[in-house]
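The following pair of complexes shares a single chain, subunit A, combined with subunit B in the former and subunit C in the latter.
Showing the complex of A and B:
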């Protein structure tokens, strides 16, 4: 037990704290190591003065909010379908596991081929259906690129949410649903008044987990759009990577990383607070 | 709820299409020639059908190196995680450890923390140790980040095994270690599968650490290799998707075979967590 804990803390907890310490220093890489000089808040001042940083924070928060909400709604819908489905249920479940297990870099390349403005299949389908009349360069305009990135994200993660919600739904005793049915409740009432309140804790945990992941958004925009066009899809993590590993500015980079930590902690606390409110409401 | 059937079937069909269509497109593109890959309007079925991309991705793009690196890193991390997590999970399930729930929750939260928050100190640490571009440079952090969830899953399994099993073994004079290895571990096999599938998937797909810590060609894993695949101006999609299909295959087979373990693992992580 003890040795495992030490390894885990050394590699997980320690870097988070150390990253915050780094963000208050100027860092110079030497041949084999590195040197620190105390810098106070200057890294943060530098970042705050840059529009790029403020945009990245805003983009990441909005992106996380929209994708997680969409995934929860669509995932719940999918779970309700799966719950009622008898024929082909286990094959569909297996199919849903594929996007979850797919390397994100591969799914990003897959979508970049689908979205291609010259030979992309999305344009071909929409042209055939007469929904558009000229090919659209999906990744060429800021708002379209953001929406396309979100869609690719939802494709990969919605099935995961669906399986989580389905697991929550399956844990509700059949008698509860049958009883509400006998009392004359409609399907919609059963979902809204009986099932949803009972799977609230499952959904909250799924949401929290997804929000934490979404704040770290990196693989998809890094490969699909490279943060572009311009800097339209540049998330905090993509910016942090560029500052640290392309400009080799580890001080400001650590400040970018530390702001992710701050965002995640704030989010987790807000979430726990809201969730606590929900739990009390449920008991009343 | 008979009247729902039609609606449910339509919904299920839509869902299956939504998930499968992009995958189908990637699969058939891997069998197209460089000419038909860029053809407009696109071919819905590859004609002529070719295995050429599979050959090129191995001979020209050295995909087998990335494949081998990924296998080494993912298998080693998974094995280390299983050994450490089964002993830690057993300790948490059977012996009083002070503040264990607090420790577990903290570690679980940290293990889903965005990687960007930890990457720079980790990079400097690996640089200091001389572990940049090495297998251990990825195996150690992968093990650490995947241990908490594995411990959590295994602890839940150990809790469900009746204590009487161990008591009987003790009365028969078995050493505690022997009891653990030959009585407890076989009972926890489903839990071990779940933990293994999760750890393997997480390490197989991980990108940011692999990109920063092992960036030089001989140590690149599949995600890094694929992200930096090919030429500067044109992406060789056929070769790229052929390589992708090869790297999807092991994990897809694993997930399809152990889909019940995966689903129950997801459930435990969410519902009991």
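Showing the complex of A and C:
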């Protein structure tokens, strides 16, 4: 246990504590490495005064909320369908997992071909079907670009939720479902009143994982839009990268990272608290 | 119940760890120099690295992104090694994405790494890198006479507070590419003003000779700052005052420049997708025969001449247009690459020898004549045989250059303020007036140390 703890501390705790320390300093790069000057909260004040930071927080929260909700609903639907399949289930499962197994940067490059405003696959299909008459620049307008990014995200991570939910469904004893049938419950009633309460904890775990990941949203906007158009898809992680590694402003960059971490932990705790409340209510 | 609580606690801990890990993996926490080094080592192409015989001499490490044509760097390294038998050069290949290269180099050097000894870096880096101690003051080691070998303006661009931090290696600028065949079909001559370009484009489109009139770089990234600088300079607007201390952007000239850029899209001269275009996108549209005019860099010439593109033999190139009634040609943004020395190098003498040779007449001749790059060595740039090499090299001396306001270490923030707001104006989210006033406000805050 002890050696493992040391390794974990070295690779996670140390960088985290160090970056929190960085966020409270003015940092100058010199020939002899970093020079720190205690700055108190001034890096955080700088963030709060920045409209871009506030936007990035708002965007990331809304993005996380919408994509996670959509993934939960679609993932559960996919799991229910998979569970009912009598044959071809394992091959479908493998197929479903393809998007999830692709490295995001690669699938993002693929989506950028699909969304391309002149030679894009999506425009070509819609033009051929006469659904549109001029090419749509999917990544050229704020709402469209946000929606397109969300769609690519949901496509990739919905299978993850589906697999988790499927595992939850499989764990429900067959007798419970059969008993509900005997009592004359409809399919909808079985799902809503029997299955859903029983897979709630699995779903909350899936949701938690997804929320945490969604807050680290980086590769999709980085590849697809570079944070644009304007700053419409500037997630908190893209902003942090810009501040830290393009501007070489290490203090404010560390503050972006540290504040994100705090925000995510708070979100996760609130989520669990709300969820537990819901679960207890359901039991009653 | 107690068990339930324990589970919740475990989830929070695991979840917290995973998100922190993810965020630090993204580089927000500065994946230490060792991680970056490892990434760079994987990319090393050791093919041309021959160890020295008998242990004499030293090996220096040169980090450079790929240059347009394959083999450019390797050929130059081999030529250098032939004339300097006691120095070997190990080439480390960097990313083709400038920002990724900056990230790798800055984390490596800031971490105290002695390699690379010499690195190829963007022309907009000197102030930022000098300010952060990431580059050696070369003017300390090279006598005054050395710097006179470069074409005018380049050394100033590589300087910060009177000291020179980069040796200009090869340069680039914005050029206007056009379709000779389409213009002659429509009986038009090459446009020298923006107004003429727009109306010629409309004519060609109306005659169904071509799909799009003019393609350029309008995405939310550094390239848009380059295109913007040209329009700003053409209309007489300046981003900063001469001392680089005050923002002077908010002017009717700047607003009219952005309004003209937006009008190219609203009038249908440029496709709406131009607001998502980087250089390769513009090149794809042009090389596929779908655009009559294109703004791009030097390397777009060789790309348009690649067999298989639809425009081989149909492309002409000219300096950029100006606004009607103004002096011609219009302005071209300076791009290109400098050679910098890592302050932690153990081989300063050899690194300087390498730079001296790479900017010399024989080396720059290889660069220009064999690989069509624009040389920074003024003598080579003017040689008749170099100018005959291709149309870009022929006209480069006529180009009117404008530098980005990169004389401040805050340039990356400045550039972001410019391209993010102007990109928003190009897509119609905000008006040109709002874009300019917002960009000015943000740049003002950056200069005052109040910006993010």
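Here is the rule we use: the second predicted complex is superposed on the first by the 280 of 284 C-alpha atoms of A that agree within 3 Å, B and C clash if a C-alpha of one lies under 4 Å from a C-alpha of the other, contacts with A are read in each partner's own complex, and residues count from 1 in each chain.
In this section, a contact is a pair of C-beta atoms (placed from the backbone, for glycine too) under 8 Å apart; a residue touches a chain by one contact, two chains touch by 3 or more.
Values in this document were obtained by computation on a predicted structure and should not be read as measured data.
Among subunit B and subunit C, the chain that touches a larger number of residues in subunit A is B. Contacts of A:84 after superposition: subunit B is touched, whereas subunit C is not reached. Contacts of A:168 after superposition: subunit B is touched, whereas subunit C is not reached. Look at A:226: by the touch rule set out above, it reaches subunit C but stays clear of subunit B. When both complexes are overlaid on chain A, the residue A:257 reaches subunit B and subunit C alike.
In the superposed model, A:216 lies in contact with both subunit B and subunit C. By the touch criterion stated above, A:180 is placed in contact with neither subunit B nor subunit C.
By the document's definition of touching, of the two partners only subunit C reaches A:47; subunit B does not. In the superposition on chain A, contact of A:240 is made with both subunit B and subunit C. Residues 12, 15-16, 18-19, 33-34, 118-119, 205, 209, 212-213, 215-216, 218, 237, 240-241, 244-245, 250, 253-254, 256-257, 260-261, 264, 268 of subunit A lie at the contact with subunit B in one complex and at the contact with subunit C in the other. Subunit A makes touch with subunit C in their complex at residues 12, 15-16, 18-19, 28-31, 33-34, 46-47, 49-50, 52-53, 116-119, 135, 137, 139-142, 205, 208-209, 212-213, 215-216, 218, 225-232, 237, 239-250, 252-254, 256-257, 260-261, 264-265, 268-269, 272, 276.
Looking at the complex, you find that subunit B touches subunit A at residues 1, 4-5, 8-9, 11-12, 15-16, 18-20, 22-23, 25-26, 29, 37-42, 84-85, 87-88, 91-92, 97, 103, 106-107, 109-125, 127-128, 130, 140-141, 143-145, 147-148, 151, 201, 204-205, 207-208, 212, 222-224, 226-227, 229, 235, 237, 240-241, 244, 247-248, 251-252, 254-256, 259, 262-263, 266-267, 270-271, 273. Considering their complex, residues 4, 8, 11-12, 15-24, 26-30, 32, 99, 102-103, 106-107, 110-112, 128, 131-134, 212, 219-221, 271-273, 275-276, 281, 284-285, 288, 290, 343-344, 410, 412-413, 416, 420-421, 423-424, 426-430, 450-452 of subunit C touch subunit A. Across the complex, subunit A meets subunit B through its residues 1, 3-5, 7-16, 18-19, 22, 32-34, 77-78, 81-82, 84-85, 87-88, 90, 92-107, 109-114, 118-119, 121, 124, 127-128, 155, 159-160, 163-164, 167-168, 171, 181, 187, 201-202, 205-206, 209, 212-213, 215-216, 218-219, 222-223, 236-237, 240-241, 244-245, 250, 253-254, 256-258, 260-261, 264, 268.
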